[in-house]
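Each of the two complexes below includes chain A, the first together with chain B, the second together with chain C.
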Partner chain A sequence: MKKSVLYGLLLPGLLFLGIFMVIPIVLTIGSTFYHDGTLTLSGYTHFFGDSYFNQILLTTVVVSLITTLLCLALGFPTAYYISRKTARSKGILLAIAIFPLLTSPIVRSFSWMIILGRKGLINDAIVGLGLSDKPLDILYTPTAIVIGLTHLFLPIMIISLVGVLENIDTDLVIAAQSLGASRMSAFVRIVFPLALPGIVIGAVLVFVGSLTAYTTPALLGGKQRVISTFLYQNAMTLNDWFLASVIAVIMIAITFIVVGLMNRAARQLNPKG
Partner chain B sequence: MREKHFGLGLFSLLVFVFLLGPLLIIFATSFEPGIVLQFPPDGFSFRWYEQIFKVEGFLRTFKTSIAISLLGNVFALLFGIPAAYALSRSSFRGKELINGLFLSPILIPGIVLGFTLMKYLIVVYHLPMYAGLLIGHTVIMLPFIVRVVASSLSTFDFAIEEAALSLGAGRMSAFFKVVLPNIRSGIIASMLIAFLESFNNIDISVYMTGPGVSTLPIEMLTYVENHFDPTIAAISVLLMVLTGVLMLVIERLMGLSQFTRR
Partner chain C sequence: MTLLTLESVSVAYGSQTILKDLNLDVEKGQLLSLLGPSGCGKTTTLRLIAGFLEAKEGTFRFAGDDYTRKPVNKRNFGIVFQSYALFPHMSVFDNVAFGLRMRKTKETDVKSRVKRILEVVSLGGFETRFPKELSGGQRQRVAIARALVIEPDLLLFDEPLSNLDANLRSGMRVEIRRIQQELGITTLYVSHDQEECFSISDRVAVMNKGLIEQIDRPETIFKYPATEFVARFIGFHNFLNFTERAESEGVISLRAGEHLFTAVANPGTTRPGALKGAIRPDDLVVAAEDRSGPGVIGSLPGIVKVSTYLGRSYQYVVETALGNFTANQEMEKPFYSGQSVTLRFPPDKLVLVD
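Presenting the complex of A and B:
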């Protein structure tokens, strides 16, 4: 393909993204180093020196980590089960797993508001069984955010894992067992290492997704702030754009660092390179 | 062997109940005849479905959402198809970088992208709110178009195009008469996936609402924050039906593997 044709095909899209995505982001990053007329790192020193901000960051990271672990714990056995099915039932089960993924996050968060509320299913059950004499506060706590995010991202984990698990030859496991390996050791020494690239990718997608999700913590978290709702609050309610920009840059940095590490790990884990 | 699978099957069943149960609960509560949102509902009625159409904001923002998603889709196709074609058809220095740039709107947190777009498009460049919405939605649809079309092109045998070119067809006519018809289903699938992505979007739109301007998800978000009645459940059911139908079409066109790579 001639150079001129190649440029002609790529340029419109590149210009569009350049003007409307790259430049605004670069300018936003730049703006965080410039405050009150001088070049400064004060935005960041202020952010990381403030205990309230650190608390929000910590809550976000903890919530995301727990969500990732829950998705792995729930997703791995399910993905393993799906991967051992025939092509037809695998397709149906995957479709069922994908459907919630395409459903609006508002719809999904709203369903948890119904379930976790003070008059919701869970509290009805808890009071009904006599486990507590008054309804528990679940909604508008970090627990509610974890439940909502796990529901939101579990399909992504399942899909990432089915992708690697279905390529593992069952004969390997059977061979290991016939040579005397226990079920557990066959799993730990054969299935797990082969599935590791999928586990890494799934975990990173869920972790980064949880770290940056907005709708679920906005609806289920109440006054409990996470970093994304904190960004929105500063940008739109408090109109503190300097702080909002600092938060935005921190979120971009975390995302790129985690994804970059994932790409390196995935390359090393994948023998085919 | 069997018992083991029984336990695994039961566990998976419970996971699916966790995934789908909440959606079924919404479905059930949408038929509530009373005014209190509750599960199980007190009876059966369509009153909250009728209520949707009585709230002016829902109809108006539904139209806005459809218009933004469709128009943005067209723009994303105009930028995305040529890019996907160039990226699949040739190799050049910096190709990985450019490919990465086209896919990067998926990677950048939506709530961050929305903020920077609002800050520069609306406040600095003084673009109208609708233009900001349209641009933002085009940006987030672009990676899905590029990725799905590129994956569709990866199975296309470019020797056919070469044959057309060597028989005297121009580059343009070879593309439109030979390549495009062969990747048609991929293009339609990419449009539908991008449409869902845009139609459900909150992170970008939440910054771009003003007097009289809003999208359906944002209107729903505001409604949920202020009211707790079954109207949202009824809208949710309609949206789920829409999602289900689009998903079925995508499955027929390209297979669901399009969703398995995020």
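Presenting the complex of A and C:
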């Protein structure tokens, strides 16, 4: 096929993204520097000068980071196991791993409310076993958000990891062992560096997903605001579109910074990756 | 001196038995090949010795110690994989240095030893390249260097040449033999290619269905296969079932129906009681019809069914009262299909197999 024809195939997608994504983002970013008829940075100085806003931002980033690490810790062993199975059982196991993605986040958040609440399963068990004499506050805390988000994003991490792990030849691991490496050492020096591309993709997807998630923190976080629920509140409840735009731009900036940092870390750990 | 001994070893995957009651001895400094078709258990035997899988029953002794349950990383064996298994994220230098670093060798020693071994495999100057940037033959050499640099007690090759093209293969074969003899490392070599095994080995073990059918010097196996399986595997395409045998003065007389044959009795062919004869297509002689009639010892009348030109020679499939025989013969004027011919079985080429 001729090159021009191939470029033509890109056109519909490009047009759609250009009109409905690039232009609105550029306009949003532009609008944050223009307030009351003058060019200004006041939106950002106002935001970063306010300790309440900073606390929301910090909570969001910390919650997202913990969620990412938890997904990685829980997802890696699972993904490694799945990647070592035959094609047939791999398909079945992956389908099971992905299954939670098919249920709505609202339904899942409600289930967590039942499990984590003051009269929920976990607190019943804790009080019943005598581990604490009164129920713990789990629901409507950042912990609840982390639990909900981990549940939500674990399948994505598993899929990303299986993708790279299944391409790591088992002979590499046994070759390393035959050369004197312990299991742990073979993992650290062979499996981990070769899995880095998948770890980075999985981590970026989970982190960005957690950073921008709305339903789960809205339902499980209670009064605890995260940046997306805070954005919604400003835009819809307080009608402060200027501050809402500033928040949106900050979210985009954080996303880019984190993705950039992760890529750089991956390059340093695995120069050929 | 026997370095390595497998004593009645059995291996099973689930309910499937791969090796059954296998016994094997390897002498120090020798190169022993395991030869056989896929699924015969040769790779399983190698992996068992390497420590990648464990025997269900039996013992593996190495230099007098029990290695049956010894972990892979404590065995000090060098392994060259069929896929080479080079670490793709490491340079040639780091690949070769891996084993030394795992042994906490001083970095200055690592440098000099890696440099020296890369010269042994003719790869000096390739230290900073990555596996992706090397040809198949070069990767093979890196894999060998990586296995050699740790000064292994045993070197294991798992079909190391099967991913190379024919030219490189014969070159690498010579190279492997040279390195092995130069360093005097006891080596176990697995392949399904008989030419490869015969050309580099001190001894060859031919395996079938998890058992060793014959273990001997390559020349002996080539001339005197012990069993029908071995004979078939190394190119004896013609078999005869005899009904009677008698032996006197170094000659074995054989009878198949009304046809009589003789075979020279020597250590390789006198398998007592064996009633199956085998002969290579190259050794079977096709002659124009013999007027002396039936009953001439060592000859069998037949009709040419298929005549194929092989370049150097013609190949005939000849139908006889004792079945079809394949014979290769160099000749100027070939026999045609349908022609009556006589097959002659030279007594020194006809061997008896179990």
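Just so we're on the same page, the second predicted complex is superposed on the first by the 233 of 273 C-alpha atoms of A that agree within 3 Å, B and C clash if a C-alpha of one lies under 4 Å from a C-alpha of the other, contacts with A are read in each partner's own complex, and residues count from 1 in each chain.
One rule holds in what follows: a contact is a pair of C-beta atoms (placed from the backbone, for glycine too) under 8 Å apart; a residue touches a chain by one contact, two chains touch by 3 or more.
Model, not experiment: these values are computed from the prediction.
Colleague: Could you classify chain B and chain C on chain A, in the superposed arrangement, as clash or fit?
Modeller: In the arrangement built by aligning on chain A, the partners chain C and chain B fit side by side.
Colleague: Name the contact category of A:G180: first (chain B only), second (chain C only), both, or neither.
Modeller: second
Colleague: One more residue to check, A:T212. First (chain B), second (chain C), both or neither?
Modeller: First partner only.
Colleague: Specify the angle subtended at the CA centre of chain A by the CA centres of chain B and chain C, expressed in degrees to the nearest 10.
Modeller: One gets 90 degrees for this angle.
Colleague: Just checking: does A:F192 make contact with chain B only, chain C only, both, or neither of them? Give me first, second, both or neither.
Modeller: neither
Colleague: Which partner does A:F48 contact after superposing on A: first (chain B), second (chain C), both, neither?
Modeller: A:F48: touches no partner chain.
Colleague: Which of the two, chain B or chain C, is in touch with more residues of chain A?
Modeller: For chain A, the partner with the higher number of touched residues is B.
Colleague: Identify the partner contact of A:S228: answer first if only chain B is touched, second if only chain C is, both if each is, neither if none is.
Modeller: In the superposed model, A:S228 contacts chain B only, not chain C.
Colleague: Considering only touches as defined above, state whether A:L172 meets chain B (first), chain C (second), both or neither.
Modeller: A:L172 sits against chain C, while chain B stays out of touch.
Colleague: Look at A:I159 in the shared chain and tell me whether it touches chain B only, chain C only, both, or neither; answer first, second, both or neither.
Modeller: A:I159: touches chain B, not chain C.
Colleague: I want to verify one number: the closest Cα approach of chain B to chain C after the superposition, in Å.
Modeller: 8
Colleague: Can you tell me which positions in chain A touch chain B when the two form their complex?
Modeller: Residue list for chain A touching chain B: 1, 5-6, 8-10, 12-14, 16-17, 20-25, 27-28, 74-75, 77-78, 80-82, 84, 91, 93-108, 110-115, 119-121, 151, 154-156, 159-160, 162-163, 183, 205, 211-212, 214-215, 218-219, 228, 231-232, 235-236, 241, 244-245, 248, 251-252, 255-256, 259.
Colleague: Please give the residue numbers of chain A that touch chain C in the complex, ascending.
Modeller: 169, 171-172, 174-182, 185, 189-190, 193-194, 270-273
Colleague: Can you check the complex and tell me which residues of chain C touch chain A?
Modeller: Checking each residue of chain C against chain A gives 50-52, 71-73, 75-79, 81, 83, 85, 87-89, 98-99, 102-103, 130, 132, 146, 150.
Colleague: Can you name the residues of chain B that touch chain A in the complex?
Modeller: Interface residues on chain B, with respect to chain A: 4-5, 8-9, 11-12, 15-16, 18-20, 22-23, 25-26, 29, 37-39, 75, 78-80, 82-83, 85-87, 89-90, 92, 98, 101-102, 104-105, 107-113, 115-121, 135-136, 138-139, 142, 146, 171, 196, 200, 202-203, 206-207, 217, 220-221, 224-225, 228, 232-233, 236, 239-240, 243-244, 246-247, 251, 256, 259-260, 262.
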